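Shared between the two complexes below is chain A, which pairs with chain B and chain C, respectively.
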Partner chain A sequence: MSTLIYGTITSIVLALYTLGFSLTYGISGLANFAHGALYILSGFIAWSFINQAGFPFFLSALLAILISGLIGFAFYWVLLLRIRGIALSELIVTFAAGIAILELLTWRGFYGIQYSLPLFLRGGIEIKGVAVDYQRLFVIGTGIFLLILLYLFVHHTKIGLAFRGIAQNERTALSLGIESDWIGALSLAFGSALAAVAAIVILPMGIMESTIGYNVLIYALTVAIVGGLESTSGMIVASFIIGFGQVVTARYIGAQWMIIVPLSAIILVLAIRPSGLFGKFKELEERV
Partner chain B sequence: MEILLEIKNLMVFFENALALNDLSLEIPTNEIVGVLGSNSAGKTTLMNTVSGLIIDMKKKEDRRGGERINVLGEIRFEGEDITNIKPSERVKRGIVLSRERHPIFKDSDVLENLKIAGYLRKGKEIKEGIDFAFNLFPALPELKKRKAGLLSGGEQQMLSIGMALVAKPRLLLMDEPLLGLSPFLQAKLAKSIKGILEQGITVLVTEQFARPLIPVIHRGYVIENGMLVFSGTREELSDNPEVKSAYLGV
Partner chain C sequence: MTGIDATYRKKRLDRGIKVRSDSVFAISSYREILYLVLPRVVPVITLLVLPLILKGYWGKVLVFACMYGLLALSWDFLASCGLFSLGQSLFFGFGAYVAGTLSYYLHLTPAITLPIATLGGGLLSAALLSPVVRLRGVYFAMVTLMLPMLLMKMIEATGLVGGSHGLSALVPFHNEWISTYMAVVTFLVCLFGFRRLINEDYGLVLKAIRDDDRAVMSAAINIYWRKIQALFIAGAVGSFAGAFMTHHYQFVGMSAFALDYSILPVAAAALGGPGTFAGAALGSMILVPLSESLRALGGLRIALYCGVLIGSVILLPEGIFHYMERKYHQFETFVKVG
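What follows is the complex of A and B.
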């Protein structure tokens, strides 16, 4: 039972790490290597509003999500617009921006025990003899809620439908009046805002430090690669494979071996099915 | 005769290759105008230039330091110069392109494709556009929940035109809509183009093989290597021996 509960929690945490990264890539084909940095930056923004400006937690959380979205939008419009379509340049710029954010946070002294976000819910319950705190259950609820919300948004709103149009056939979308740069900027804004939502619900479970940004990026990349970069269902399945793999490894082999799970998953997937479990064989299509 | 679209001395360069060479044509309101030409004649370049897609292509090539694309000349829509206006603004004004080889959104179902196409239109307009597309192509309503990638070539072509119609065109650009279709479907689609005109939508259509199209067009232009080589009414085209042998298979 413990494996089931904590496997589910770990899987949803991984899905939350990846959701924004996967959304941005799925729509605009942009791999945002600053995703992890935006995640931890959002946490520090929320912390600053709470502890330095004295704002209430919910307002601070909302502002952090909004600011993260705006940073994502500005990041696209100011930096990425000039190099769109050049994959290597995109990689270098997003990675460099991510490192700059993380190192800036370290330089400003954002590390230590005083940096933590308040829990949404205190206390916990026992499920069939397994103690679980409410915050972790809240993470599960948020993950499911976000996935449903995202599905409804993408399939039932104009912007969401435009996202789907650009993701599937950019030039046809353009011929119908959908602007790819505008949608690209929005996709990065939404991806960054989703990173902030993940940060707000996950970070209260521990202490914040800038290095978390690197870990989040590695997990997001792993899940996205294993699941298939542009596939939401693949992302969910990969989160559960890696999440449960990690919990089982920690329980039966040892916690120090947990990192082996994502690394082996990447190696296995790249060796057997390079486009990911649910990915499309784009490279093959292109060759044909 | 009121002119809806006027193209003056249009030249399009891809690096040093001239894709369109001093091309001038006029598209009168409420007419179906055909542009005939063989492979590499410049038909798709013409459609991409009128729809504004070439502006996006140029922007992307410039960003990555790729092929230099240059557009010279003038395109006027309802008397206004639109040569440098971006594609979305042209769609807002009513210039909508149905691209060649019916590139639809394959992972979405038919209805979602039509809804995506209405991005710049209001809810009521989208509904009217979908109703119009369904009336024009009665096969589409029963396929509305089917994934577009699973449709046949003919069905995808109908969907592609239906999508352009939901975008509420005043000038519909159709790039080789009959390509790859059976003679039966070609005749059916040509009839549908007439149905589009009856809704007050002017149509500019390109084709390689013009026989199914000739009965529905009012006038036509023949281009070769990006240059205009012949223009005239439907009757004049049908009577011209060179056009007959090259594009009508007679």
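What follows is the complex of A and C.
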């Protein structure tokens, strides 16, 4: 039972890590390697608002999400716009920007026990004899809520329609008056804001360190590759496979072998089905 | 800029001497021979003389620069067959760990461990990456970025080959002169070897894979096998650098898989100009001494490389080497239009 509950929690955490990355990639084909850095950066922004400006928690969380979205938008508009379409350059710039953010955070001394976000909800309950604290349940709730919200947003608003248009065929979308740069910047802004949301609900469960940024990036990439890069259902299934794989491994083999799970998942999936579990055929052409 | 564009445009013309010396038969004067030979001989002589002049600390920096240069060359080699690696530290780490383990457990000298680590590291890299050679561009980059990080965590978690403490007190090089010259000569051989190789038939196939892999496939060439061969070559070069540094430090640890070894080669190649090998070499010769002189900044150094990387990708996408090459071979004048 505890495997089931904690497996679900781990899986939802993984899905939250990946959501923003997958959204940006799915819409504008931009692999945002700065995703992990934005995640941890928004955690620190929230921390600074709470502890240095003295704002209440929810206001600072909201501000952190907004600022993170703005950073994503500005990042696209200032840097990525100039090299849009050159896959290698996009890759180098996002990767370098991510590392620069993480290293600057480390350099500024943002690590240690004092940096942690407060819990939303204290206490916990027992489900069938397994103790679970409210924060972890809240993470599950947020994950499901975000997925539903995102689905509604993408399918029932004008911007969502434009997102899907650009994702399907950029040129046709352009000819219908959807500006691809604007949508690209928005998609990066949304991806970053989602990273911030994930940071604000997940980070209270541990301490904040800039090295977490690398882990988030690794997990986001793993889940995205295993699931098939632009497919949301693939992403959810993949995060459950890897999440449960990790929890089961930790329980029956030993916690130190947990890291084998993502590695072997990637290699297996790439060897057997290079487009990912739910990737489309179009993707296969492009990747292989 | 718009004001100039309206009435003038920049015109580039090859210098006469370039046109004449392009063909071997036209070389008739010392001037033309020098024009061809100088850009190749001057860097070689400089690199061979530098170890005599630089002593102590800066001598070590030269060795570092050569090793990072090897990693950058290996990056550039992979890039010229369409494989964009963000994990040069994978190759470096494999070489370092193979040499380190052999030296620690069997007490072998560098003369034996270096060749074994070079070949073994190349084989390991090619074997580990062989399932993913089917991937292109961003996808390959993602996998290569993750592998060293995952391997680093695996070593930390399982405690194999020294775990987080690493292996220390390894066999050092006996003679500093030999090791320094080995670094410099390997770097030069690799640089000119790659430049030659990429224009041979073998290299042309690799470049064709980058440009259009379907066309190469339709010529009945097994592109995956070629890519694995390229990975072996690049992996072996990177592994040599790793093995060399292991004996140089007399220590190998998880830091062999650190991000420095991935990001600096890419930064060097981007700064110098990818695709020519000379650019990658030049970039590492600029960046490594620069970063050594900024050692006091600590972690900020990596942020600085990233700044250089972003700046050079956005502002000077062709790279320093291409820029210099253009100035050397061509006149530029503004001509009036209309």
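We adopt the following convention: the second predicted complex is superposed on the first by the 282 of 288 C-alpha atoms of A that agree within 3 Å, B and C clash if a C-alpha of one lies under 4 Å from a C-alpha of the other, contacts with A are read in each partner's own complex, and residues count from 1 in each chain.
The rule is short, and it goes like this: a contact is a pair of C-beta atoms (placed from the backbone, for glycine too) under 8 Å apart; a residue touches a chain by one contact, two chains touch by 3 or more.
Being a predicted model, the structure only gives us computed values, none of them experimental.
K.L.:
Based on the superposed arrangement, let me know which partner A:Ile260 touches: chain B (first), chain C (second), both, or neither?
P.N.:
In the superposition, A:Ile260 contacts chain C only.
K.L.:
State whether A:Leu176 touches chain B only (first), chain C only (second), both chains, or neither.
P.N.:
Only chain B is touched by A:Leu176; chain C is not.
K.L.:
Identify the partner contact of A:Leu70: answer first if only chain B is touched, second if only chain C is, both if each is, neither if none is.
P.N.:
Touch partners of A:Leu70: none, neither chain B nor chain C.
K.L.:
Scan A:Val93 for contacts with chain B and chain C and give back first, second, both or neither.
P.N.:
After superposition on chain A, A:Val93 lies in contact with chain C alone.
K.L.:
Under the stated touch criterion, which partner chain does A:Leu152 make contact with: chain B (first), chain C (second), both, or neither?
P.N.:
Touch partners of A:Leu152: none, neither chain B nor chain C.
K.L.:
What is the contact status of A:Ile83 with respect to chain B (first) and chain C (second): first, second, both, or neither?
P.N.:
both
K.L.:
Given the touch rule stated above, what does A:Gln168 touch, chain B (first), chain C (second), both, or neither?
P.N.:
In the superposition, A:Gln168 contacts chain B only.
K.L.:
Which partner, once the models are overlaid, touches more of chain A's residues, chain C or chain B?
P.N.:
Of the two chains, more chain A residues are contacted by C.
K.L.:
Jot down the residues of chain A that show up as touching in both complexes, chain B in one and chain C in the other.
P.N.:
82-83
K.L.:
Which residues of chain A touch chain B once you look at their complex with the stated criterion?
P.N.:
Those in contact with chain B are residues 82-86, 155, 158, 161-162, 164-165, 168-169, 171-180.
K.L.:
Flag every residue of chain C that touches chain A in the complex, lowest number first.
P.N.:
It comes out as residues 79, 84, 86, 131-132, 134-139, 141-143, 145-147, 149-150, 153-154, 157-159, 259, 263, 266-267, 270, 298-300, 302-303, 305-307, 309-310, 313-314, 317.
K.L.:
Okay, in this complex, where on chain B does chain A touch?
P.N.:
It comes out as residues 51, 53, 56, 60, 63-64, 86-88, 91-92, 96-99, 103-108, 112, 115-117, 119-120, 163-164, 167.
K.L.:
Quick one: in the complex, what on chain A touches chain C?
P.N.:
These residues of chain A touch chain C: 31, 33, 79, 82-83, 87-89, 91-93, 95-97, 99-100, 103-104, 106-107, 214, 218, 221-222, 225, 255-260, 262-263, 266-267, 270-271, 274, 286-288.
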